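Per-chain residue numbering starts at 1, and chain names A, B, C and D are given in the order in which the chains are listed.
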Amino acid sequence: MASVSERMATAPTTRAAVEAANLHRAIFIAIAVFLAGAPFLLYPVFLMKVLCFALFACAFNLLLGYGGLLSFGHAAYLGTASYICAHTAKVWGMPPELAILFGTAAAAALGFVFGSLAIRRQGIYFAMITLALAQMVFFFSLQAPFTGGEDGIQAVPRGRLFGLIDLSRDTTLYYLVAVIFLAGVLFIYRVIHSPFGQVLKAIRDNEPRAISLGYATNRYKLVVFTLSATLAGLAGATKAIVFQLASLTDVHWTMSGEVVLMTLVGGMGTVFGPMVGAAVIVTMQNYLAHLGAWVTVIQGIIFVICVMLFREGIIGVIAKKLKRPL
Amino acid sequence: MKTGRMLLATALVALFAGGAQAQVSVKLGVLNDRSGLYADLSGEGSVIAARMAAEDFKAKEKGINVEIISADHQNKPDIGSNIARQWYDQDGVDVILDVPTSSVALAINQITREKNKIFINSGAAASDLTGKQCSPNTIHWTYDTWALANGTGSAMVKTGGDTWFFLTADYAFGHALERDTIAVVEKSGGKVLGTVRHPFPGSDFSSFLLQAQSSGAKVIGLANAGGDTINSIKQAAEFGITQAGQNLAGLLVFITDVNALGLQTAQGLVLTESFYWDLNDETRAFAKRFAEKSGGKMPTMVQAGVYAGTLHYLKAVEALKDKDSAKVMAKMKETPTEDPLFGKGEVRADGRKIHDMYLFEVKKPEESKGPWDFYKLVATIPAAEAFRPLDQGECPLVKG
Amino acid sequence: MTADIILSTRDLTIEFKGFVAVDGVSLDIRRGTIHALIGPNGAGKTTCFNLLTKFLTPTKGTITFKGNDITALRPATVARLGLVRSFQISAVFPHLTALENVRVALQRKRGGSFDFWRSERVLRALNDEALNLLDAVGLADFAAMPAVELSYGRKRALEIATTLALDPEMLLLDEPMAGMGHEDVERIAALIRRVSANRTILMVEHNLSVVASLSDHITVLARGKVLAEGNYATVSSNPAVIEAYIGAGHA
Amino acid sequence: MFELLGIPPQALFGQLLLGLINGSFYAILSLGLAIIFGLLNIINFTHGAQYMMGAFVAWMLLNYAGIGYWWALLLAPVIVGATGIVIDRLFLARLRDLDHLYGLLLTFGLALIIQGLFRNQYGVSGLPYSIPPELAGGRNLGFMFLPNYRGWVVIASLAVCLATWFVIEKTRLGAYLRAATENPTLVQAFGINVPRLITLTYGFGVGLAALAGVLAAPIYSVNPNMGADLIIVVFAVVVIGGMGSILGSIVTGFGLGLIEGLTKVFYPEAAATVIFVVMVVVLLVKPAGLFGRTA
């Protein structure tokens, strides 16, 4: 017994975990510092777009990278939250913080319902079911009177945060978005590194084995699905306030594909990969906008390259080089 | 910062050029669909049209430095508004041109107002741009749903098409087009026998066409757009609907759609446009030069609108030697418009550009003399009647 | 006597599209014994195994565990009752370290596994116990290694450690020796003997010498049915068994 | 004559027939998907793009080579099927040992590329393609005017579906195919080249998509986006039918065409949604789909 405890003391197990945690903390601090200074270097609206998509990709990655569940309908949660938030802010005149909360809650509820339907099947079946469910949301958004059909909900007021801070200035709003983003990704980080996250990773790695250990895996999957949908909703609701717009783009299935692309490019199952992936894809879309249809072609090529040669993604490759989880 | 540097550079250029004239630099952004459904009717052609306007105006010689940039809004309001913000905030764009797709146009309308720049829309159909959502910074140049509904609706009733059945795309745009047309039809003494709302986008319309057929209406109004309209017309021909005596009225059909359908299928279709390349010598001359630059394609009314709008804007800038948005807008509204493509006209207080509209019928294949020879002129709708009266648009700018 | 029987089945049958894989199997497994299930290829051993752990649902028949009818229960529930299985192909969580593999099993008993807002630091309290288990199977030095990097034999050992972490009353081992080198076989056999001390073990195994040395009781299956039962001596001298092995298995 | 919910029965027959015609497209497309899924375990996201390619190849054959509809019906599936074989050899074959989700992601990327390239080349307004003169016109069935071409579509697709079903379920080749899905090693041991079998199957599934494209060219707008939205509906059909089930995909394809047709009469606004509603209901009751095996 003594020998075991002795080995415990020098066990590389905890040491590696602590080292990784320290590294992650350092990176998060670096991100926070960068975010604080970024609007002085870069266009704040562009930054806000990147942050919204980065949060969306991180939420998606929680499900795919850590839950092993490929949802092909995540646009449904982004879009629903975006519509609800826009409607609450514009039509009901709610302050932005409540509008975002409402939007996020709607996405959570939808995620719970869709999740309980989808987790009944696995793998490709799961992907197809999430896709089809999201498609229903798309048609609903197209036809429901309050979504404004093709026009979407436009001219959403940015309002005053807590009735005090005027958000109409881009830089002010930027800092709110940065805080939401950081809170969101830190929450995701905590979920990944929680007792729940441990079980989740076990289910991802080997579901039958997790069942044989006595875990009712479907419940875990439902929880992570709902969490992921909620955070995707947070991203969508924030986006609605930033762009003062909720539109069909957010619920269309190509959006579900885009978030997969972002996660894949950055590295699925890594903490920081989806952020990098989102930044890369959004930047690309922004600077290649004049190329028209070539953007889709380039996106397709990136997809193919990632799947064929580069499955670990940018951060995945770096993590491998450094031999550290990122 | 960027703008500042650019202004400095152009000022230096002017200094060295030793020009006696005051130099003004303007940056125009053509924002439209370059990959989707409206790429053919706007797209690169609109950029060509804007460039031609700058050349024809001899802007350089008149001391105006014109830079034209372009981007693809993919028909998505979020992408469009993102580009617009960046153009205005970062890239020093003064005017945004074209912008087909109503949803995107409405978004740009709002941002332009917020940033106090100028938006000259040519591509979008939404009559709200000069109605409830009108803005002191927006001009709507080429057409709108009201004008299309009015042109096609009243003219069809006059020629005997007095019972209608609507095939409506089930979303805001379709509903608006249907509502506007029904109003016109009923005002002209026609009757609406029924409507069917089809999912958007759809591919098979046969079921709805059969319902339209069994209604016995003389006219089937297509309150949809793009691929939906094309498929409806194609399948109407297949089901022998036009042969059986019913007429199709395309409420939003462009010459590029007719080109895609082919005359065999599109023949007999009645539609309203504000420009056709084969109207007169001036339009033909323009079209010939345009076609040389665009690989043989004739200009659409949307592209013509971009040309004319750019021209009118440059005139105002030249007159003022200034590009201040408010001053330029005022100048553009007080100066009557005149250009080779739309003739004489005016820009109304609500931002609506007024000119004649034309009702065309698509030729039979044997009547056509060659590519792009598609239309027979049925009627000219004089400018005074072509657009929604100023007092009916609920535009807040008008009351004051 | 029934108190002595921990697991029993009556008339267990499963059909796939007209093919009867397990046909009216009735088993009684006595508490505290090592019971082996053998038979030629395709005899229905693994199917039978999957029925017992509820990964398959029988067409008819009942399964009783500790006096409770568990026929209709879900796999995870059965595991929580104390009936835990291992897998034919080594079943580890490849991207977790060896320590985490074992800890995930310990964690279930601790509860609070849905706590997604808590730091995983709370799990460090389980590290000691997990290391002890790893030590028991000779893996203490590999605690920090991701399971995917372990050798085949060590993966099996890790799997057994994980299973033991649940401290199950009854263990179902699916071919614990499959694909193992000679040395590993010895080690795992010793391990099985050690852990059988106060629990019941049912194993499916091909390696007849392992079966001979370990098991107290043997059931032979052939074509989905029970062919023979008894200890090794009885079973191995049964002419039907010999015929089944020679006739089908080694053709 | 009595009326059903205000619709005269004749009109209803007409609408049902139209539903059946639409169902033919669903059936051929979902059949191709089901075959590919059954053997390769890949959801072929490129299917919509390949359907579009079928229509475009027909158009190209006519415009660049003067080859008409009937030859296109034969050639286009072969040509597009051949590109499918190239895709399989170049990409899919290298992903066989990985998680099948990678196949889904790859084909999604390929669909983006193909559609983007066609958009660049041909725009999106669509290209004209006429009904072959032999099938022009139509006949009056009393309750409706049925264009001859639509009648042909139903007959052709029924024939193709039944022939495919027969080959897979009733012939030796089909038996190998089915066996290869269950146990490739065993079939390999019989002296069958399994990788080639898989590649050819993919080519065949893609060919079916292209065939549907050629059939669609005269009645739907031939444009690069024609498959993009359809494919999502077809996925739903496959999910409802039970993934990988050949018969399921055919029956569900026609069946959902009928249901959609009825919806267009009674509640047209919901016509695009009804299939997804059916899907959710089916999944709640039978998670494996109507004809699927419970796995």
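Here is the rule we go by: a residue touches a chain if its C-beta (ideal position, glycine included) is under 8 Å from a C-beta of that chain, and two chains touch if they have at least 3 such contacts.
Here the structure is a predicted model, which is why all the values come from computation and not from measurement.
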| item | value |
| --- | --- |
| Per Cα centroids, the chain farthest from chain D | C |
| Chain pair with more C-beta contacts, A-C versus B-D | A-C |
| Centroid distance [mean C-alpha coordinates] between chain D and chain B, Å | 38 |
| Chain C-chain D separation of Cα centroids, rounded to whole Å | 46 |
| Chain A and chain C: spacing of chain centres that average the CA atoms, whole Å | 40 |
| Averaged-CA centre spacing for the pair chain D and chain A, given as whole angstrom | 33 |
| Shared-contact residues (touching 2 or more other chains) in chain A | 139, 143, 292-293, 295-296 |
| Multi-chain contact sites of chain D, meaning residues that touch two or more partners | 116, 119-120, 269, 272-273 |
| Contact graph of the chains (line, ring, star, complete, other) | other |
| Set of all touching chain pairs, with the criterion as stated earlier | A-B, A-C, A-D, B-D |
| In the complex with chain D, residue positions of chain B that touch it | 35-37, 39-41, 170, 196-204, 206-208, 210-211, 213-214, 227, 230-231, 234-235, 238-240, 244, 256-257, 259-262, 264-265 |
| Residues of chain A that touch chain B when the two form their complex | 43, 45-46, 49, 139, 142-143, 148-152, 154-155, 170, 243-245, 247-250, 285-286, 289-293, 295-296 |
| Chain A contact footprint on chain C (complex, rising order) | 53, 55, 74-77, 79-80, 84-87, 91-97, 99-101, 103-105, 107-108, 112-120, 122-124, 127-128, 131-132, 135, 140-141, 143-144, 162, 166 |
| List of chain A residues in touch with chain D within their complex | 70, 72, 117, 120-121, 123-125, 127-129, 131-133, 135-136, 139-140, 143, 253, 257, 260, 264, 292-297, 299-304, 306-308, 311 |
| Touch list for chain D against partner chain B, complex | 11, 14-15, 18-19, 21-22, 116, 119-120, 123-128, 130-131, 137-138, 144-145, 147, 149-150, 218-221, 223, 225-226, 229-230, 261, 264-265, 268-273 |
